[in-house]
Every structure is written in C-alpha cells, then in structure tokens.
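After this come two complexes, each holding chain A, first together with chain B and then together with chain C.
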Partner chain A sequence: MMRLLISLLFTCGLAAASDWSATERAFVQSLGPWPQAAVADASNRLSGDVRAIELGRQLFFDRRLSANNALACADCHRPDAQFADGIALNRGFGALARHTPALLNLSQRYWFGWGGENDNLWAQSMRPILTPEEMNASLTQVSETLRQDDAFACRFQATTGLALQTLDEQTQLVWIGKLLAAYQETIVTGRTAFDTFRDQLLQGQPLTALNASEQAGLKLFIGEGRCVFCHSGAGFSNGEFGDIGVSFFTASGVDKGRYAGIQSVTRSPFNRLGAFSDSIASGSRTQHIQLLHRNWGEFRVPSLRNVADTAPYMHNGSVETLAEVVDFYSELDEERLHTDGEKILRPLHLSAPEKQNLIAFLQSLSAPVSAATDQPDLFQNCPQAAG
Partner chain B sequence: MKLKQMLAAGLLGLSALAGASPFMELVDTHIHYSHDAWERTPPPEAIRLLRLAGLQKAFVSSSSDQGTQMLYAEAPDLIVPVLRPYRKRGEISTWFRDETVIPMLEDLLEKNTYAGIGEFHIYGDDANMPVIRRVVELAQQYHCFLHLHGDAEAVENVFKQDPNATILWAHSGFEGPAVVSQMLARFPNLKADLAFRNDHAFQGKVDAQWRELFLKYPDRIMVGTDTFAPERWHYIMDHADWTREWLKDLPESVAQKIGYQNGLDLAAWALNK
Partner chain C sequence: MTIKRLLLPLFSLTLAGQALADCQLSGDYSGHAQSLSVGFSTLPAPVAIGEAFSLMLTACHDDGTPFTGQITASAVMPAHQHGMNYQPTVQRLAPGHYRLDGYLFHMPGDWQFQFRMASGGRYETVTVDYPQ
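Presenting the complex of A and B:
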C-alpha cells in the first residue's frame, strides 16, 4: 500500500526520457545489458561443459563431501533461498564468522570469498569441503568415498577423460572443485524490471517498467548517493573490495578481510597462476595484485542483483534488512574510515521518502533464479548413481 | 626484551620467526587508542599486542586523552604519550575552531607528561587560526613536537609561526617523494612518518625515488601504523612485519634509523624536559 501511495505521489514525475540527462543515461546504460553473455572460465577447462555441469550438480547436493555425510553444499547454499541460507552466521561443524553469500551470477566474477581468498570458482569450491567449521571433510575421506563409487568414477571419466583411480587425492579434489564450479556457473538471475527500464530509456520508449518511486531511487543510486561508483556494471558490483565502516571484530579477534585474502590468494597453489590452472594467462590480475594497508578490513562489494531477496547483509550478516542497509549508508560513521581512505563514502542523510525510493529501486533488481537441472541421459553408459 | 627471550615467550609474529634476517624491534610513531578502542581492547590486551608486534616504543594519542593515560600507566617503558586535541572521535574538522580546546590542552599539559601534541588535522590557511597558533606556542612551552596531519601549506604556516617548532608530518602529508624531499630540505626541524602509505615499497622492494629520499634524510623518517579504527589494533603486528620486509631492502644503518632510532631520538628529545 505504501509503495502504491508513493507511486501515486510521483505520478506526475519521472515518466519521460527527457527527464534523464546524458550523464544519467550513461550511468543507466553502464548497468547492463542483462543477461550477460556466458563467458567460460579459462582456468577451468570443464567450464561450460554439459557433462561437467551435470556431474557438478550431483556433487553440489552430495553430502558425502562432508564429515559424517552430514552436509552438502546445497544445505547452506539452498536453492530455495537464492543459493544462500537467509541467516546471519551459519554453523556447519563450528561457528562461522562470515555470512553465507548467495551463489548468483558467478561466471562473471574474478575474486571469490568475502576477502577474495581465491581468484577462481573451483578453488573457492574446494575450500568449504576441507574447512573444519564448514563441511569438515578430509582429502582422504573424499577420495576414498568417491573412488569406491563406481557410478561416479565412470561419470568422472566420461567427463574429464581421466581415470579417478590414477589421480592423487589433491588432484581429485581440484577436479571436484572444477565440477562444482561448472554447475555453479549456471546459477543466474533473470531479467528484472530495471533491465526492461534500461532498454526503454536507451531505445526512447515510454518509461513504464519502473514506477516513479523506483525511478527516483535509481536517480539517487547513480547520482547523489554515488552507490554506482562501487555497485557498477551489469552485475551491480565493481568486483573489488571496500571498507564501509562495518565492524570486523569477530568472536576471536578480527576478520582481516581483503588483507588476508590477498595473502591467501597469492600463496595458494590453486590460484590461476598455479599448476592446477588451465590458463596461467588468465591470472594477470593475481600476478599484479598489491597488498595495501587499506585492504585491512575490506570486504567484497556484493552484487545487488536480487539484493532484496538475500537478507541479511554485510560480510558478517550484521544488518538484517534492506531498510537498515539504507539507514547504514544514510548515517555512515565517517570516523571509522581513514581521512585519506575511501573518499567516495560520506553520510547521505536521506529523507524518509528518499530512503523509500532507494529501497523501491533496489527491489526492482529482483528476478527469478535459474540453474542447470537434472540431465539423466548424459551418463547412460555408466551405472546408476547411488541413492 | 631480547629476541631470545621473545622467542622463548612465544611473542614473535610468524614472519619474524620465519624470516632470514635479524628481527628488528621497531618504534611505531602513529598509534591511536580512542574510546572505542579501549572499550574493545583494554589496556593489558593493547600492551600485549604492541609487545607481540615487537615494538620498543609506541607513540600513542587518543580521543579522549584518557586512552593514552591508561596505556602509559600500564607500560611507561613502552608508551610515548602524545596529546590529541580531540575529546572524542569526530572532531577532526572542527577542533581548530573550538577555543575550548585550549584550556583542555593547557590543563592536561600541566598535569601530565607528553612528548608531542597531535595527531591533529589541519590544512592550508586554517593553520593560522588562533587555536592552532596557541597549540604551536604550547608545543614550544612544553618542549613537545607537533604531530601534524595536513598539507605542505599547513606545515609552512606553522613554521612561519615558530621556526624552531619540531613537526612530525603525519603520513608525510600523503605527498610524493619529490615534495617530501623539498620540505625536508627547507625545514630542518621537520620529520615525517610513513603511516598508511604503501607507495614507498612494493613486495619488499623500496621505490627508487623514495630510496633516494631515505638515503638523503635517514635521520628524518619514521614508521607508524595509524590505528584509526579499533580493529586496526590487530593490524599493528602485520604492519610491523610488512615494515621489516621493506626495511631489509635498505642499508642496515638506514633501516635501523627509520625503523627505530629516529623514533627513540625524538622521544628522548621530547621527554627530556
């Protein structure tokens, strides 16, 4: 009802293309098109492969990748919850310090993890399997489980051309990571009301896709709010990291965020520059990364696609609702930011209607999620999978 | 505490344990301990973190001064107290217009021991405001250095007021090595810290222009972390490790001066009233 009232209040407002300046049009244009063309991950030769996607899908729902067969990836990255979990901090086998991110539109990303601990999706997919607080499995356990599964071994060979038995435990895990990545790359969000609006604006059509409140919120987003400086591009994220003043204390100390992430990714044998990568050339960003003081306590700038459906927010899930996120930016605590640090940020001091408009716009970024589905005919020459 | 004792006590950071070069106990000239820091990291824990980082001395200022006093009481051998003209965080851009700051400083300077006044933020002509002028006088009166976060113009304005002032230029003004070098040449009592800067070193190698500056003015440069948010207290150790890494790329005598000797000398000068 409130949204309807606001819409009525703005009925005489932003309805014509002429109400949008050249600068505003350029910003709006920069936030698309959507969907983006699929780009295979050069570091993963299984990326985009239909068999790898199906086998990865099966692994994503397979609890044998955890200790005691307790948890699958899908238990925390729930398909019915935007491939997230909807709670602030989950517990796998122990208390976690970071919020479970939604696994949406991953194929366009370079850094993975709230601190960018990995520069590719397959290494990021290996991480929770062995992390004691998450799936708590061991290399040996995973290897033995899968090697004893004739159906999996057959499907693995049909997909990779490799005999599972001939691979060492670590290499097996890398391939599992690459299979999981292939599936996760298929999890995408659809076209939103904003995407239709963008097309209407660029093509000179009547601007009907967003109501006046949503349009006012968009103007704030790309204008005075300067949200677009970090939440940029078709994915509504610059793909980098920032310190917006959210506390990064944890129960046991601090979460170093991007600082530890850079240390981790540059040392990882599973980065794009390592022996397991299928394209060293794809790792130039990793090669040139520099560790900076400002990286301490920086966290990934999240995509805003489907943001209204992925509460709670921030790296530690400390902000419960979208309205509270907007409040956070409106009253930003500049004192927590270095005077020579993140100069983009300043308190927005938004009025109540402005907040409502910004929220309305953010809600217009939602669309249904799709992902690869069961393909039972792909492995007809292999034994039936267990269970 | 000597290296062997620290090793025995398990007080060294990982890189110090793993590093091939000798462990250098640093002097960190840029630490804040404001109200939200001491609420989260009480004095005993804060001192533990400083010692864990392998610091000989830590120049500490805080908003309010209560934080500095608590730390100084906890470890007078370690803490070099510096008086910040802020009662609380959030006065960075207003303090120099607030004349009530002066009696607060006068009172604290009379009651306590301080090596410096700062870190305060001041830019351009604002450095000629009455409050700043009085701060410069107080520094002279109490034999304190000024820890000034500002541009070259502000530094110049303070030296016009008192050519004998001693200024520790926070962050080297975030200026490039050419400007910093010019300023050091013009003002013999100007010293500079490298807090929150990365441009002088990359992956353990010192930038060529900065190297030239360090070799030309080895007695004028110091290092510091800048704990501007409470979480950054946990960065002091990582920062010390990072600092030791690039100091290894300098001649040993220069590295020692920048790493600790210049800080020790400044503290001795200021506290030897």
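Presenting the complex of A and C:
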C-alpha cells in the first residue's frame, strides 16, 4: 500500500531532490557517468587505430566474408536497427538458437556472447564467419578472396604492417577479427535523459530531465525492484551472467548458457591468454574464472542502454516487448530458478502504475547511436576498393 | 675462538626467533580465527563493483609466528547466498605475507571475505565482512 502511495505521489509530480535518500543517490551515481572514457582493448593492438577502424568498417559491410557472398555482418547487425535485427531468432544459412544482440558500447565489455563464449571482441567477431548456421564461410575461402583483392592487401599492410600473403589462413582470420573489432568499438550510444537527470541530482540542480513517472520508475529500479544488482554501472550491466528462469531448451536440445561458455572460452586458442592475444596480462578474469553448477542456464546480463529500441528480449528473443519484460519480472516463476543460484529474484507483483513507471524509466535510457563513418582519404596510396 | 664458534650459531638462532615472533598484521581490514589472525588491504582501494582487484595479506599465529601454510580464498554475499564467479589465486611472498589476485565483486552490497588457512594437517577459516 505504501509502495503504491509513493508511486502515485511521484506520478502526480510531487518528487523533489529531497525525496532522494543518500542510498538512492549513491545508486544513481553508480549508473554513470556517460559517456565513459574510451579504453583501448589491450588484447587487440589495432583497437582505436583509425586505419583499422576504417578497414574494419569496410569488412563489416563486406558479404565476401560469407559463403556465396550472401551475408555481411551488417545484414544481421543492421545500422538502422541498433546494430541488431529486431526479430526473435534470425536465420543465416540455418536456424539460430540465440537472439542477435545489439552491438552497442562493446568496448566497455569483457565477455562476449550470451554465454560468454569469448573474452574479447576480435574472437567473437571471427565466430559467425565460420559458423555453418551463420555466415558459413571457410578459412580457405576467406583467405583466397582477400589475397586476390589487391586493394584490401594494400590497406591491410598499411594498417598492420604485415603482408597478407605471408600469413597463414588462421592468422589472417585473427587479423580480420581484430579489424572488425576496431570498428565495432566505435558503435556507441549517446547521453540520455537519465544521464542528464543523474548530473542534476548530483549537482543539486532542479530535477527536470526525468518526469515524475520516470523518476518513480528509477526509484523502483534501484530499490524494491532490485534491478540494479545485476543491471549496475554506467552500462546498466554488471557484465556477468544470471539465471532468470528463461527456458534454456532449444528446438534441437539444450542451451547450457554460461556453463558451456566457460568451457568454450577456457579452451579457446583465441582467448586473452592465448598466442594471438596482444596482452596476456589483460586476461586475468579468464585466468580466474571458475566453472560452477549454477552456471547452467545462466545468460549474459544485457546492457539496458537503448533497451526500449532493441526488442525482442532475452537470449532466445522469447519476450516481444518491454512491457512483457516487466510483466515477466513482476510475476516471476521462482520454480524455474536454480535452487543453488543467486537468491535475488522474487516476484515483484507490481501494480499497473508501477509497471508504467518502470517502463517510462527504461525508455529514458535511449539515445541516438553513432559509429565510425567512411574515411575515403586514409588509403590514398592503395588501389580503389572493388565495388 | 671455541667459545665464539659456539655463541655465533646461538646468536643467529635468537635473531631468527625474534624475527619469527615479530609477525605484524597490516592492512585496512582484519579478522581472527581460533589461533591465527589476518590483516589485509585491497588493491585498489576501495573496491569498484565489476572491476578485478587484489589483496595484500599478512597472517600471524597467536604466538607471534608468521603463518606459512596454504590459503584458499573466496568471498560471498551472505544476503544473496552466492559467491564470486572467480577463484582468486594465492601467492606467498614471504613467511606471513601473501598476495591474492583475481577477485571481482559483481554486485553492489555487503560482501564477506573468507580465508581457509591450512597448516600442519588442520585448518581454520577466517571471515571478514566488507560492507558497502
């Protein structure tokens, strides 16, 4: 009853700076600042390099990285759709079991893939190229295609200092992954209404950036909703994995989620501790990761920046709208949670106004997306790229 | 000469005994079990949620001698009934002095450090609260 009253008071516009407790202020502060300072990926010496970003951008839109020149990265990670595809489960050369994630603010992350199958963006970028259900290319095909492209070979050498022809197929693919990663790191979201509100609250200014409903939703998010325990930090994700009771059964079996992800990343020759990494020291998390039974059915905690624009939701795209996500947590089925998992989630049983407030707050986390654009003058000493 | 030969080893033993008995706890946090204590600081301090950190730890027996056994480290959130996703590694730098790497708190809230101290076929567990 008290919760409902508080919610109604906020909705009626009675919120003021003094309504925010020290604890609430601390939580709000922890959700910023934004944007974050750019930090280069130490495992990728091309990270942040302007030539690598441009060459990676060209590869991102290049369908020659797939079988039959059918698909580019950008065909599923569409720039006009938050670098996602907007559908539950896409098809490449076969049916996929996981939802295509939006490629936003990736330089802030350590684990990649819904199960954290990779600990770096360049290895994650190599994966779909060779996956039969996705781009279905082969090492040999990619290598031969690019070796025969004089313009690419020239640009590659100008960027990496290496002659493409001298590299084996595997090493070539690693460099392609590093180029693709350099571009994807530039895809970022801008400042949101929430970010302005955060600054207003911390600086003692009038709280005008969020309306009363959005502020009430924020209070719920950092308070009784407990959302902030997992959706924490400036990226609204703790970067880890959780079990929220979404089914891990697929059309063809079981998706083990983080459990298989840990097995995969620790075995991968392309992790931060391997020979292809430019900084083994950057792999401390990978070195210390431990495989636990509770990792079964855990999936990555997604960022909530631009969450209102990245439907559908969950690792399998099984929830269509933001309202349904809120309903999911409100009426959470605890029977579906791991008995040995984290004891954080419980049904919230939100009222209709509370649900509206929470959705309003989540919508305040949206901002325009920007990414590196064409830089035609960078490779003037190389032949023109084909078509 | 003969007396000097006899006294020198005795003098050395005395110095060594003093050194052993001079085990000093250090750090911003401390905890005690049945017969030993630990002190430690985090690197960096304070701990940032979602960021890896390390501990510099000293461990002393109650008789003043440094602990030299094996330490198994973990941390838990008692309210949430879960631990970390990572297993810290322990490096002994000198008798009583350890460096622990690989910690990461993935949620805001109250954590508790746990140290299983094994030596001479027995062990004790030291727990230290880390409120946030």
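Criterion: the second predicted complex is superposed on the first by the 370 of 387 C-alpha atoms of A that agree within 3 Å, B and C clash if a C-alpha of one lies under 4 Å from a C-alpha of the other, contacts with A are read in each partner's own complex, and residues count from 1 in each chain.
Here is the rule we go by: a residue touches a chain if its C-beta (ideal position, glycine included) is under 8 Å from a C-beta of that chain, and two chains touch if they have at least 3 such contacts.
All figures in this text were calculated on a predicted structure; none of them were measured in a lab.
After superposition onto chain A, partners chain B and chain C are found to sit side by side with no clash. Within the superposed three-chain model, A:Q290 lies in touch with chain B and with chain C [touch as defined at top]. Contact with chain C, but none with chain B, is seen for A:S232 once the two complexes are overlaid on the shared chain.
When the shared chain is aligned, chain B comes close enough to touch A:F249, but chain C does not.
Taking the C-alpha centre of chain A as the apex, the lines running to the C-alpha centres of chain B and chain C meet at 60 degrees, rounded to a multiple of 10. Of the two partner chains, neither chain B nor chain C is touched by A:G317. Taking all C-alpha atoms of chain B against all those of chain C in the superposed arrangement, the shortest distance found is 7 Å. Shared contact residues of chain A, touching chain B in one structure and chain C in the other: 290, 292, 294, 341. Only residues 27, 30, 228-230, 232-233, 238-241, 284-285, 287-290, 292, 294, 341-344 of chain A touch chain C when the two sit together in their complex. Of all the residues in chain A, the ones that touch chain B in their complex are 245, 247-249, 253-254, 256, 259, 290-294, 296-297, 335-341.
Chain B contributes residues 40, 89-90, 92, 121, 149, 171, 174, 196-198, 202-203, 226, 228-232, 234-235, 238-239, 242 to its touches with chain A in the complex.
Residue ranges of chain C in contact with chain A, taken from their complex: 49-50, 52, 79-82, 85-89, 101-102, 104, 106-109.
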